[in-house]
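These notes open a run of structures that come right after.
Consider the two complexes below, in which chain A is the common component and chain B and chain C are the respective partners.
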Partner chain A sequence: MKKISLTIIVFVTVCSVLEAQDKFYTKTGKIFFECTKSPLEKIEATNKSSTCVLDIKTGRLQFAVLMRGFEFQRALMQEHFNENYVESSKFPKSDFKGEISNNNEINYTKDGEYIAKVKGKLQLHGQTQDVDAIGKIIIKQGRVIANARFAILLSDYNIRIPSLVSDKLSNSVNIIIDCNLEPFKD
Partner chain B sequence: MQIGTKKKVFVAISMMALVAGLYGYMEYTRGSKDLLYTKADYITIAKDLIKEFEENEKAANEKFINKIIAVNGSVKDVIKDGDKFYTVMLGDAAGTSSVRCSMDSNYQPEAALLQLRRNVTIKGICTGFNADDLLGSDVILNRCIIEKKGSE
Partner chain C sequence: MSFNLLKMKKNILLVAAFYLVTSSMFAQDDLLKQVEDQGKKKEYADYAFKSSRVIMSHSIELLKPGTMDFRILHRFGNVNDGASEFFGLDHATMRMGFDFGITKNLMLGIGRSTNKKEFDGFLKYRFIRQATGPHSVPFSLLAAVGSTLQTLKWSDPSKDYVFPDRLGYYYQIIIGRKFSDRISLQLSPTLLHRNLAPTVNDPNDLYAIGAGGRLKLSKRISLNLDYYYRFNPNTADGTHNPFSVGFDFETGGHVFQLHFTNAIGMNERIFLTETTNDWAKGDIQFGFNLSRIFQIKKKRLSE
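Up next, the complex of A and B:
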C-alpha cells in the first residue's frame, strides 16, 4: 500500500515538474501604446510590469496588466487617462487570453526567429473583444522573447473621445508588446 | 469710468490672464513628482502590505492605489530587463508573494547595487495587485526610489 502511495506521489510530482517546464513567464513585460493624431502632441505610455505566461506545449498565451501602471511623460495626461478614459478605479486590470494558432511551427528548442499568429480575447474597460495579431517569437539561449504589434479601436471598448480632444486623440491605438520570458520553475 | 480706473481694470485683467495662462502651461507640462522629495502616504512592511491585498483586494485597492507607500522588506530578487531597467522584489524568499518595485529611471544604478536578503525601504506609487494561480501574487509599486538601505 505504502509503495503504491509513494509511486502516486512521485508520478504527480514528476507530472507537475514536467508541466511547469512547459511554461515560460515574465512579470516585467513591456506594453507600449500610442494613439497620437496630431504631430504636435505625442500621446503614448509604457507599462513595464505586465505579467505574461506562455505554455509552449499548447501555445496558450496570457497577459495581465494594471492600468495604473501605464506611465506617460506628462502627469496631467496620465491623470486624464486613468480618470476620464480607462476609468482605472472601476476597471483596474486589463487582460488577454489566447493562443498561438501556429504553435506547432515554432521550434522552442532551437534558437531563431519565428512568426507567431496570435488569436484571443482582450478585456479592457469592462469590454471583451476578439483580437488577432501577428507577432514574433525569438528563441535565444533557453529564453523566449515574445514581440507583437497590433491595433485596437477605443470605440470597441466603450472608451469615448470627447470632441474637444478629437483632433489630438486617435480612436485607433497602436500597441507594441515586448516580453522576455524565462522558464517557470515551480 | 475714468481713464485711470480703466487702466487699472485692464492691468488687473491682463495680470489674471497671464497668471491663468502660466498656471495652465505649468499644469500641461507638469512631469511626475520625484518621490525622493515626496512624503509617503503610508509606511508599512512588505508582509503586511501583501496580507492586506490578499485578505481584501477591493478594500486594499481603495486604500492604497495611487498612493505613495514606503515599504520595508528583505530583497528577494533584483531583476534587470533587456533595457537595463530594474525591478526589485521585496518579501519572504520562500513565499510566492512579493512587493514588486519597478524602479524610477533616475534611480536605476542604486537598484543594481542592492544585495539579496538585505533589508531595504523602498518608496513608490501603488498601481495595484496581481494575483496569479501559477505565478503567485504581487503588490506593484511604480517609479520607486530607495529610501533606506539596512542590514541583512
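Up next, the complex of A and C:
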C-alpha cells in the first residue's frame, strides 16, 4: 500500500515537471510601436524588457510590459508618453492574455515557420479590449520565436489626443512584437 | 487490519486529491505569475516638476541628457501702474538662457539678463534620486552652484574697480520630494556671495532659504509657488523677499510658466538682493518663462 502511494507521488511529480517544460518564456521580449501621422515627426518607441509566456500544450499566450520601459529617441516625447498619454504612474503595466486558436496546427517539435492566430484581451491604460492578431511562430533548435504585427486604436483605451497634436499623432497604433522564447524550468 | 487498510486507502485518496487540486490550480494560475520576479523593483519618481525651474528657482528636476532647453524669460512692469502703462506690459526686462542636460544627474546652463547686462551660469548635480522599492531614498537631493557677471559700465568710473567686483556666486542645496502625482515640494538653503556689495549695510554673504512647490491641476496644467526667505538682508534698502505664484502650461513642445511676482530679477543674485517691490502694496508684475526643449543628441534605439 505504501508502495502504491509512493508510486502515485512520484508519478504525479514527474508529470508536473514534464508539464512545466511545456512552457516557454522570455523577459527580454521586444515590443515596438509607432503612431506617426506626419513624416516630419516620427513617434515610435521600443520596449526591450517585456515578459512573454507561451504554454505550447494549451496554446495559452500572455504578455506583460512596463510602460516606463518604452524608450523614445526624444526624451520629451517619452515624458509626455508617460505623463499625459498612458499615465504610467497610475497604470504602470499593460498585459495581454490570450491563446493561439490554431495551436494544434503548430508542431513545436519540428523546426519551421507556422502561422499563429492569436485571440485575447489586451489591457492598457486601465481599459481591456479584445484583440485578434495573425502572428508567426518559428521553431528553431528548441527555441520558439514569436512574431506578430497588429494595430490598436488609442480611443479604444481611453487615451485622448489633444487637438494641438492631432496632426502629428495617429489614433491608430501599429505594434510589432518580437519575442525569442526559451524553455521554462521551475 | 481492515481498519488499517481503510486508513491507507484514505491516505492515498488524500494524496491523489491534493495533487489533483494543486496541479489544476497551477493550470488555472496566471502564466505570467510563474515567471515574474516576486521582488519589488526600484522605481524612480520622475517628473516632479514640468520644468527644471519651479518659477525662478532651480527645481529638483533635471534636463534629460542630450537635450537643450531654450528659455526666454520676461518680467513686465508693475500691474498697478494702471491702464496707461497697459498694466505694466509696456515695460519688459528679459533673460535669454540655454540649458543643457549632460548626464542623467548633471545639467548646466548659461543666460544673460537685460537687467544690469548680467551674465549667469550654473551647474546642477543630483546626488540622490527619489525612488521606491529596495534601497531607495524617499526624496531627491541636488546641489546647484552658479555665478553671475555684471557687464554694465560702472556708474562712477573714477573709482578703482577691478574685474572680480563684477562677480557674484551662489551655492544651493535642493531637497525635495514628489509626494504624489499632483504634489511636489522642495526646500533650497542658499548662500549668495557678492564680491562687491553696494553699501556697507549689504552683507557680502547673504543666507536664504527657498521653498517651492507645485499642485498639478490637470495633465498639462499645474499651479506653482516659489518663495525665498532671507535671513540677513539689508533692512535699510527697502528690498523684500521674492515670491512668485503662477501656472505651468505644457503644450507639447513648450512649457509656458505664466505668473505674478514681485521679483524683476531672473537670476539668483538679482531676485535675492534687488527685489524692491512689495506684494503687500500690490507692486507685482506679470511675467512668463517660455521653455522649449530641443533634442540635440538623439537616443539610439537599437533594433
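Criterion: the second predicted complex is superposed on the first by the 181 of 186 C-alpha atoms of A that agree within 3 Å, B and C clash if a C-alpha of one lies under 4 Å from a C-alpha of the other, contacts with A are read in each partner's own complex, and residues count from 1 in each chain.
FYI, a contact is a pair of C-beta atoms (placed from the backbone, for glycine too) under 8 Å apart; a residue touches a chain by one contact, two chains touch by 3 or more.
Fair warning: this is a prediction, and the values are worked out from it, not measured in the lab.
Superimposing the complexes on chain A yields a three-chain arrangement in which chain B and chain C clash.
Contacts of A:V165 after superposition on the shared chain: chain C is touched, whereas chain B is not. Looking at the superposition, the partner that touches the larger set of chain A residues, chain B or chain C, turns out to be C.
In the superposed model, A:S49 makes contact with chain B only, not with chain C. Of the two partner chains, chain C is the only one touched by A:K90; chain B is not. When the shared chain is aligned, no partner comes close enough to touch A:K121: not chain B, not chain C.
Of the two partner chains, both chain B and chain C are touched by A:A75.
By the touch criterion stated above, A:R60 is placed in contact with chain C alone, chain B being left untouched.
In the superposed model, A:T28 makes contact with chain B only, not with chain C. Touch criterion met: A:N180 reaches chain B, while chain C stays clear of it.
Chain C runs into chain B after superposition on chain A, and of the options 20-28, 74-82 or 110-118 the stretch responsible is 20-28. Put simply, chain A uses residues 23, 25, 27, 51, 53, 64, 68, 71, 73-76, 78, 82, 89, 184 to touch chain B in one complex and chain C in the other.
Only residues 23, 25, 27-28, 30, 48-49, 51, 53, 64, 66, 68-69, 71, 73-76, 78, 82, 88-89, 92-93, 180, 184 of chain A touch chain B when the two sit together in their complex.
Chain B meets chain A in the complex at residues 27-33, 61, 65-66, 79, 81-82, 85, 87, 100, 102, 126-128, 130, 132, 134-135, 138, 140, 142-143. Looking at the complex, you find that chain A touches chain C at residues 1-2, 4-5, 8-9, 12, 15-16, 19, 23, 25, 27, 44-46, 51, 53, 55, 60, 62-64, 68, 71-76, 78-80, 82-84, 87, 89-90, 95, 162, 164-165, 184, 186. Touching chain A in their complex are the following residues of chain C: 5, 8-9, 11-12, 15-16, 19, 23, 26, 30-32, 34-36, 43, 46-47, 64-67, 101, 181, 219-220, 250-253, 293, 295, 298-301.
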